[in-house]
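Just below sit the structures, each encoded as structure tokens.
Both complexes shown next keep chain A, but they swap its partner, so chain B is in the first and chain C is in the second.
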Partner chain A sequence: MELTSTLSRDLVLEVSKKLNEPQWLLEQRLAAWETFAKLPYPTTRTEEWKYTDITEVPFEGLPLEEPTDVPLRTREELPEAVQARIAQADLAGFVVFVGPQLVYAELPEELTRQGVVLTSLHEALKSHPKQVQGALFKTVNASDLVGSQKNRPENSKIPALGSALFTHGVFLYVPQGVEFSKPLGVFKYLGGNALSVGRTLIVSEANSQAVYIEEYISPTKVPASVNLSATELVLGSGARVRHAHIQTLGEGFYHFHRQRAHLGRDATLNDLVVNMGATISRAEVQSQMLGAGSYSEMLGLYFTAGNQHVDHYTLQHHVADHAYSDVLYKGAAKDRSRTVYAGLIKLEPGAQKTDAYQTNRNLLLSPDARADSVPQLEIGANDVKCSHGSSTAPVDAMQLFYLMSRGLPRHVGQQILVKAHLADVLTRIPIEPLRQHIEGIIEEKVKL
Partner chain B sequence: MSDNFDVATIGSEYKYGFVDEVKPVFKAEKGLNRRVVEAISYHKGEPQWMLDFRLRALEIFESKPMPRWGGDLSGLNLDEIYFYAKPAEVRDARSWDEVPEEIRRTYERLGIPEAERKVLAGVGAQYDSEMVYHQVKEELQRLGVIFVSIEEGLKHHEDLFREYFATVIPPEDNKFAALNSAVWSGGSFVYVPKGVKVELPLQAYFRVNTAELGQFERTIIIVDEGAEMHYIEGCTAPTYSTDSFHSGVIEIIVKEGAKSRYTTIQNWSHNMYNLVTQRALVHKDAYHMWLDGNLGSKLTMKYPSSYLIEEGARSDILSIAFASTGQHQDAGGKLIFAASNTSGSIVSKSISKGAGRSSYRGLIKVYEGAKHVKVNVECDALLINEESRTDTYPYMEIEDDTASVGHEATVSRLNDEQIFYLQSRGLPEDEAAALIVRGFIEPVAKELPLEYAVELNRLIELEMEGSVG
Partner chain C sequence: MANQLEIRNLYASIEGGEQILKGVNLVVPRGQVHAIMGPNGAGKSTLGKIIAGDPSYTIEKGEILVDGENIMEMEPDERARKGLFLAFQYPVEVPGVTNANFLRLALQARKGEEVSVMEFYNKLQKALEVLEWDESILTRYLNDGFSGGEKKRNEILQLMVLEPTYAILDETDSGLDIDALKVVAKGVNAMRSPNFAALIITHYQRLLNYIIPDVVHVMVDGRIVTSGGPELALKLEAEGYEWVKELVVTGS
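Right, the complex of A and B next:
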């Protein structure tokens, strides 16, 4: 991209040193750096990036947001936007990051007593070194490409950068058999004007149950800024995890997210990805059914306006038999914005008795909006039930006519129908305060 | 149609695998270079502009990379392919009597002359690189219908030819369209004048006899205002131990209010790479249907496409694919909507048997400003055995907010319960399975000319014998 890059191998060494990391982690970072350095950036000629042009993204033109030692804050000292979210979210416990710093944490005694850990990755490296080393880079790494993506290694470029230079992270650990159903939350407040690189590692041991929400918040408008995030989920047999990734970053942000879950035998993942903010955002959401009987529900919601561009890629990778996966991604686009959805159901030979479904529905709300949708299947087993559906259309003229005949002005009728379109996904989120929060965002956007 | 006219011997028992003792009167050197292109042009006695066109296309071909998607092309070695083989001195005979004896026998074995008498409006026959026969019923000739080899088209209708040639599919379109543009030989030139309705189908029959030969037919079909026609293309080849290569380019222009239909029943032997570009330009209130049957070949990559370029244009694509062990059918279709009030549909049915792999690859594109487009895509895949494979890669690019676009796909296996039910009604298992498969492809098969549909049903029955249980 730029002739002089702000990134270098020395920077990797510096970050690792500053964080007092063990040797194995430094080696992993350096290996990721090698991958990053040798690969080209994906372009619109790369199949998976066909509809998303990232030439304008200043990956190497921004200072890396580097960790410094700052003291913990009180709740009142947190950014107002974060305080408002905390007040509304009704969480069991939460931590707050401002930039790369963990500045506030609240975790109920009851959970810590049972061995639940929610802290920064670097704290966890000291307190739970074994658990971190066993799981970090296990699901998102340089050799994680599946199927024909392997022919296009540039798909690893951005995640490799994330692995080489992450400056902070979250570690959630739920020991075997421990269950909680009130959500834990992480709020990440980003100031912008920097390259921000974070990582989340969730380890949910056998027969445990956890609910986790991660939210990205920033000022509503920032100079060009890049945020890279990676989320790794490792679900032991019988584990049940509900995970949500909520991105409401301001204009000017380029947000790139890759997450991948490994599901053990009979494990259940209920996943939600909401992309409402940022100038360009891309989320790659992947579930690998490695254990028989595992279940992955993957929900997505997006609503773009202005010049926004949002790109989702989902992967349902069935390695084991008797597993179930269901993707439902719904979105709407207005003004000159663009939405992209691509998804793949991949069944390895032997993934018999699989049930896998994939649905993408888009609403186009203005003549200049655009939606691209590529739902794909690669099926290598025969005793399976797989289907996918995709549709792109304006709001239904008949329904709109009905609402108008009941006395509603056109724009109000249209707003109702947009909300109804997205409500399909919302009704599948059982966390009431989170649902209300997302409804609030939609409500605001639909009226703009 | 007679019993020996088999449309599609799907699967293992390939009955068109016989080799004729026909030695080409001229065969170009192996591989592709400027000399080969010049030799082809020389043997056809072409005008200079065509040679220039071919040489430019060769440069484009050489500059384009091989596709990084689709089927596995690593086994296709272009240096080992003959790009031109002239089977006989006679070209485009008007009577079967003028066709050399040994070549005529091949077509008799395939049942072509008999079918011509009974159910076709015209027949064209290509043997290796050249069309050896072309004839159209006299009354159609009187109405001005042109149905000749592409070379005759260039020679006798040069103005009409130049007006349309390479306008629908320019050599820049893709690597294999460029290749075809450089070395094309054979194919049909069809013109149906204003308002003329050709009731019976025109049929072209493609046969590759020489081993390691590439066949590069080029067809132009112009259906003038208010006219109607149906063109059928059938293909077979002997089974050699070495691979052969077929890469055609089909350009169709459907003018205002016209109706056309292009049916391909491709039953190449299982050593054939079949990479074809087919495209129709559909004008105001006109209609075009692609019926694409892919039963043979080792690898097929073919996505018939319709460009709906004026208001009220419509197009349907029906695709049926059958892949057994060693075969990859990468087929599908593209509908490009560039005008308002246009509509279309794609229905794809694929069956994978043994370790066969069938893929659907498609594109729906609605340009900004093309208002009130309606399009629906349906792809269903049926998997017969445990190691059978199927893929679906549909692309939808929607730039207009008044478009209504839907896509649905399902993958299923032969349903045990349905077989059990049919068995309980007294059907043997094989017959039950065949009945279910026939039901599965029925929405596409019913659009086939009757003789083809009957034949296809019979063959599915044969194919399903012993494949379940």
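Right, the complex of A and C next:
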């Protein structure tokens, strides 16, 4: 796509060497590089990318953001935007990355004593090599395509780049039977003007419980910048994980996120993906119910303004029986912005007694805003309950008139109606400070 | 400055549809309560909504004056700040915002300044007492899941907290049982003062037993065809609307 690319196989070797990685990891990276190199980028002719044009994204025109040896910072030296989030978020512990560098960590001793690990992936390669090797690339990799996506391998292009050239990552490990309910958080502060590539690996062993929030923060406006993220979640039997991916990157960012959870027997995932920032963002959020009785709640919130474009794809892949999954993605769009949602419920022949639901609802605040919604079902089992639905509608003129007739200016009325539209997702976020933060973002955005 | 709500020769139609108001003239001075009665389809509710600024109607001709100022070009929120209030026939449900938060936002918007929590709660307390309602209503989402009667009562709660100068009650009585009707009337009566006027739109005389109007207007086919004292309402209740329809035909 560029005449000269900033990316190469040599760069893969260089990054791996700089990070002192073991041989197995280098081999994985090189295999991913081969996949990346041989595949074309998806285009609007690729079914899954029909509404999202990425020809302007400079994947190979930016310097890769590489880690350097910088010292840890004090809390006061953290970027102000991050400090503000820390002050509001009421977390049990947190880690801060600036670019590819872990610069600050604060973890309660009570958790570390029980064996909970929250650190950089490369630190974990030294301290917990077995756990990392056993799980890394297990859920998000170059051959993870499901259903008809397999016919269009270019869907692996960007994740393959992420696997080949990630420069940093997060590792959260929760040992068997260890439970905590106050959230741990990771803040990633990106300066922009670079290609940032990160990876998160979450391993929650049998009967453990964890709450984890990952936030992407940057200056409000940056030159063209690309952020690739992959999140892998491995939930053991009976594990309960609450996971949130919160993207509030500035204008100029292109954000591509792929996450996939493997759910073991009776495991529960409560997932939340919030995409509010970036110029173009795409999140592919997938749960695979591999164990009987597993449960995946998948919530999504987005609100676009200006020329923003946000694209979500969800996959509820039912392999085992008696599992439950529920997707609820709701968004609003104003100005000339666009939102895209596509979702697939796929039931394998063994997935009897599945309950699977998928709902996408969009609110348009301006006649130039647009939302495309493509729900899909592929059902290979016969004794199941599945439903899907989607809707797109402009702001209800009667509701707005009612609010304005009480003296509220139009923008305040719209603010209330956007929150009203998103209310059933917001009320399903039990982490109060997080919900307030998201509501604050919505309020600011209506005013713009 | 004329202390009154005045409608002059108002013609209006539903957007892209039929003409509903065909030359309405009406003056409601401060300190008075007026009622508009009339058969279904006469245009009573349309008049109320148009005064409040409902965008789904097109005004073809005429003027609406609040204290002498023409408000025709104003957005609904600006009209509210000029002192107008419409109690909706079908109040809209808005999940996600609590009744209390909404009321406080509306009060601040109406006054154009911050309202202290103290002042706000004092107003609320007084209104709740009159309306024989408990505080649990405040933490529920705005009209969300409210019964028909609760919605109507909530309109009156808003009326009492926002204290407009000119209130239009659009069929607030319809669907209310007698106890709820009395409570609603109590709320409106508590508002009566030399600086407050109400325009009560109703199909039935029932509510007017509890809110005694100064003037009763009868509207038929988009026009006020006759006006009188409270006895007019009783006559309509006893004799129906046939005789006023004849007034239209004879053009008097």
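Following the convention adopted for this analysis, the second predicted complex is superposed on the first by the 439 of 448 C-alpha atoms of A that agree within 3 Å, B and C clash if a C-alpha of one lies under 4 Å from a C-alpha of the other, contacts with A are read in each partner's own complex, and residues count from 1 in each chain.
The definition used in the following text is that contacts are C-beta pairs under 8 Å (C-beta built on N, C-alpha and C of every residue); 3 or more make two chains touch, one makes a residue touch a chain.
Because the structure is predicted, anything quoted here is derived from the model rather than measured.
Undergrad: In the superposed arrangement, which partner chain does A:368 touch: chain B (first), chain C (second), both, or neither?
TA: Once the two structures are laid over each other on A, A:368 reaches chain B alone.
Undergrad: Does chain A have more residues touched by chain B or by chain C?
TA: B
Undergrad: Scan A:378 for contacts with chain B and chain C and give back first, second, both or neither.
TA: After superposition on chain A, A:378 lies in contact with chain B alone.
Undergrad: Have a look at where A:63 lands relative to chain B and chain C in the superposition and call it first, second, both or neither.
TA: In the superposition, A:63 touches no partner, neither chain B nor chain C.
Undergrad: Quick check on the superposed pair: does A:391 touch chain B, chain C, both, or neither? Answer first, second, both or neither.
TA: After superposing on A, A:391 lies in contact with chain B but is clear of chain C.
Undergrad: When the two structures are overlaid on chain A, which partner does A:404 contact: first (chain B), second (chain C), both, or neither?
TA: Only chain C is touched by A:404; chain B is not.
Undergrad: With the two structures laid over each other on chain A, which partner does A:419 touch: chain B (first), chain C (second), both, or neither?
TA: second
Undergrad: Output the chain A positions appearing in both contact lists, the one against chain B and the one against chain C.
TA: Of chain A, no residue contacts chain B in one complex and chain C in the other.
Undergrad: Hey, which residues of chain C end up touching chain A in the complex?
TA: 52-56, 75-77, 79-81, 84-86, 88, 91-92, 94-97, 102, 105-106, 109-110, 141, 158, 162
Undergrad: Spell out the part of chain B that touches chain A in their complex, as residue ranges.
TA: 68-69, 368-369, 381, 383-413
Undergrad: How about chain A: which of its residues touch chain B in the complex?
TA: 47, 51, 148, 151-152, 349, 352, 362, 364-394
Undergrad: Which of the residues in chain A end up touching chain C in this complex?
TA: On the chain A side, the touching residues are 396-399, 401-410, 412-413, 416-417, 419-424, 426.
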